[in-house]
Amino acid sequence: MKNKIAILISSIVFALSSTQAVKSESITLGWAAWDPANALVELSKDFTAQTGIEVNFEFVPWPNFADRMLNELNNKGKTFDLLIGDSQWIGGGATYGHYVKLNDFFDKEGISMNDFSDATVYAYSTWPKGSENYYALPAMGDALAWAYRKDWFDRPELNSEFKAKHGYDLGVPKNWDQLYDMCTFFQGREIDGQVRYGAAINTERGSEGITMGVTAAMYAWGMEYENPNKPYDMEGYFNAPNVVEALEFYRKMYEDCAPPGHSDAYMVANLDAYKSGQVAFQMNWYAFWPGVSKEDADGRVTGFFANPSQKVSAATLGGQGISVVNYSDKKDLALQYIKWFAQPDVQQKWWDLGGYSCHKDVLGSPDFVNSAVYAQGFLDSMGIVKDFWQEPTFVELMLPMQEHVHDYVVNGKGSAQEALDKIIEEWVEVFEADGKL
Amino acid sequence: MVDISRSPTESSGFSRKLAALIIIVYAVVTLIPITWIILTGFKSVTSSITYPPEVFFEPSLEGYVNLFTTRTRQSQEYLEALPPPETWYEELVRSREMVIAGPSKFFGRYANSLIIGFGATFLSVFLGALAAYAFSRFKIPLKDDLMFFILSTRMFPPIAVAVPIFIMYRKIGLGDTHLGMIILYTVVNLSLAVWLLKGFMDEIPREYEEAAMIDGYTRMGAFFKIVLPQATTGIAATAIFCMIFSWNEYAFAVLLTQFNAQTAPPFIPTIIGEGGQDWSAIGAGTTLFLIPVMIFTVVLRKHLLRGITFGAVRK
Amino acid sequence: MKKKILHKAKGLSDRAVAWIFITPTLLLLLAINIYPLIYAVSMSFTNFYANKLGKEIKWVGLKNYVKILGKEAIWERMQITASFMFWTLLLQAIIGLGLALLLNKKFKGNELLTTLIVLPMMLSPAVVGVFWTYLYNPQVGLFNYIVNFFYDFGPFDMIGSSTLAPWAIVIVDTWMWTPFTMLICLAGLRSIPNYLYEAAEVDRANRLQQFIYITLPSVLPFLLLALLFRGIENFKMFDMVVELTSGGPGSATELASIQLKREAFEKWKTGYSSAYAVILFVTIFGFGNVYVKVMNKIKDR
């Protein structure tokens, strides 16, 4: 009996160890589980066909993406050879040695960062910001934008009712005030026998959701995180009156325009609320627009627009660069993938399949703007993007922002000013502990 | 031991009926959530999000198909150009304007739950039985203190010890491995195993082993050949409790595993993140995950009380 | 393999056998429980970050403790945890005892019903949290539908509203764990010897007096034991609430261990979070000890 158990155990152990020993000519790539990831699987088939190197994928759903991947990096895990990590991770990836520095490789292979759009190189590849130290190749350009129910807007009876009330036509909102007018117009309105609501906006608490939503408003109100002349000096910038106003506005949007139960929502929940016909607007990443427009072949239902301006034009940056993980045993194969991925024709196919290329040849080609209804908006947005802190301590900075903004916007606790003051207070602590202040 | 057929005071027929009625109502109410989630597993995605909630619906296996596959949405033209679906599940997915991209991670996570669960259960029951026997039969200095110490380890908040374990595992390469999780769950279960098994072994008369030892068995021989077979019921009950714990555990799994060794509990919630508010798939995954535990509960019902109180209360 | 062990074991004294049997268990507990705890305590006096490997670790004395105890946010979480514990324990004590009293009247199908009622507590708390988000969904959720069926409150959001969310977690925990107190109380009731009631009958004590002077005092130690177990578990509560509300809205349901997880595994403030963990550990151990003393006193009476 005991012998049998021993055999059983040893066979289990053997089976486990043999599954862990991956074939030598294969690499594993990690990313978030979303539409573009499926496009990348499709695209990578060419790589395997050309080189014989298998690419395995491990996609993590967004709510756990940062948690799991950063745990993996901190664990010095060898699961991944390549990682398409979020833009804010670049500081930590570089500083703590998770990512391989790519400068020598780029020089050797003749890959020039000048071939990629400047905003994306700055955002996805460099650390310290704006230096010529590259830790990633821009892989997926992205920004926060909006989709709206064009079919409802096109209904004459709705438009005339709206015009009578607000004095202008229903259409792409020119600023956040107009957006608010339109959202409240649809809030609680019955269309085709179903009650509809204004807008599905980001309110998620657990990872980065509400921050990625509220900053869309803050940037449009001209928010700066810090004194441009004195880094990490945030008092009077991040809690300036315009930022307070933006935060208050976002809460108004949540209270007056969100569908019921939209208190912990991010990408997927927004997408669902929109697809099921609950809302007139949704806020989301460009990454999802190919999927949304695929279901709307003749373009009658949905329209897209870039983040509206208020005091200035700005948009929240999304998107990722692709990096080689320092703990990998197969860095050479991983680099081979990057080399392949950087080629202009691969980049073109990447865009055609539904990924957002950052290559200037793709973005600058005369056909680009007409290749998709949201292409122009994407170009416009990428020119005005701003990102959250990319400091190595970005999670420490993100958590207080998530907490206090959610506490104010969804929970209704305290005032906007208090929320911002509290965030700064905790940020100062983080920068002090990190030796930046 | 109390004879449960005896009731403290003879209640009248009416009050007994009333009690039965209230208990039945409570049982029905308390089972609604579980029943509902099992039913949801057999709904189509659209029927899972209708209001008012549908009690009668056309059964569909969409949730189960979604649970075991990953899918990509495709345009009408793309779908029309494809060869006709070969299987019923492909057909189902196509009818939702999607194609199957590959298997999901559910099977692997479920298998991890089984491997880690069985591994940890075997180890903790084996080690626990040894220790329990020693505590039950021998004079051990500071016995009570040791027993209390073993119990107190169960009080540690998992998060409090998770960071040091994370760092330790990182150093010795046990992070995100099956072995690491088996060791961890073994340790968490040991206190339960020792306490429960000690109780069971106390109930086995010493005379049996003493007689065996007179017949020429060594102490160890007597333990393996005489005591262990006598304790089969207790060992089985203990094993099931350990299994349920490992099966349900979430905090350590979510903090110490990322990919290789992740079990099902951290996976099931992520179904929402991946394919939209796919409650049917959640229902399907939950059902498959809960069924073993429900069966175990029925099997265990006689020992339940003892298990949940670490042997402090024996009916 | 076994033969070898047996052969070797021949002639081993009982003492040797005892230690051979106990040592593996003790060693494992030391390695995976005690060592981490000591490590956590020693880290709690430093500014260590487990994700910043190159960084020099500095001894900071009691600074982490002072910082935590002086932080309003920490006290808020403690309050949230305390009120969660208070309401869950209260409800579980009342309902659990009530159910036990009813079940103690023998009726047909008693055992089957007990097994059915017990089911929720055997489930995985994380999975329970997930499927309750569905039941609580304000648009399609069964919970909201049933509540509005009996009394029309109009739309309400159990998870999104700051006043309702704390109740949302209390309800789920109570649903899940009432059977636990019920089972233990039932054992208590069944341990009351019949002659006590017979003696009371002789003394012409009425039903209410019997309940107050016999039933309650006998069942109380069992109830207290059940609450001790539940108290310890709910103080550590993490999985169910994380999956149900992830601490939100804002921080309305962010229990102490959820905050600890964020400090330890998201911010990676290892030193700081170790101090927090030690504080939580001392709190639960302190309360646990006092509680056990009180419980024993009650038992003796």
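Here the chain labels run A, B and C in written order, and each chain numbers its own residues starting at 1.
Throughout what follows, a contact is a pair of C-beta atoms (placed from the backbone, for glycine too) under 8 Å apart; a residue touches a chain by one contact, two chains touch by 3 or more.
These numbers come from a predicted model, not from an experiment.
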The larger set of C-beta contacts, choosing between A-B and A-C, lies at A-C
Top of the farthest list for chain C, CA-centroid basis, is A
Distance between the CA centroids of chain B and chain C (whole Å) is 17
Per the C-alpha centroid definition, the whole-Å distance linking chain A and chain B comes out as 36
Expected list for chain B, residues touching two or more other chains, is 49, 166, 255, 266, 272
Multi-partner residues in chain A (2 or more other chains touched) are 71, 74
The positions of chain C in contact with two or more other chains are 2, 50, 139, 265
Residue positions on chain B within touch of chain C in the complex are 2, 4-9, 11, 15-17, 19-20, 22-24, 26-27, 30-34, 36-37, 40, 48-53, 127-128, 130-131, 133-135, 137-138, 140, 146, 149-150, 153, 155-168, 183-184, 186-187, 190-191, 194, 218-221, 223-224, 244, 247-251, 255, 265-266, 268-269, 272, 279, 282-283, 286, 289-290, 293-294, 296-298, 301, 304-305, 308-309, 312-313, 315
Within the complex, chain C is touched by chain A residues 2-3, 6, 67, 70-71, 74, 92, 95-97, 205-206, 259-264, 392, 395-396, 399, 403-404, 406-408, 410-413, 433
In the complex, chain C touches chain B at residues 2, 5-6, 9-12, 14-15, 17-22, 24-26, 28-29, 31-37, 39-40, 43, 50, 99, 102-109, 111, 113-127, 129-132, 134-135, 139-142, 145-146, 175, 179-180, 183-184, 186-192, 194, 197, 207, 210, 215, 222, 225-226, 229, 232, 235-236, 238-239, 243, 257, 260-261, 264-265, 270, 273-274, 277-278, 280-281, 284-285, 288
The answer for chain C against chain A in the complex is residues 1-2, 47, 50-54, 137-139, 155, 157, 159-162, 245-252, 254, 262, 265-269
Per the touch rule, the chain A residues reaching chain B in their complex are 5, 9, 12-13, 16, 20, 33, 35, 38, 41, 58, 60-64, 68-69, 71-72, 74-77, 79, 268-269, 271-272, 275-276, 291, 294-295, 297
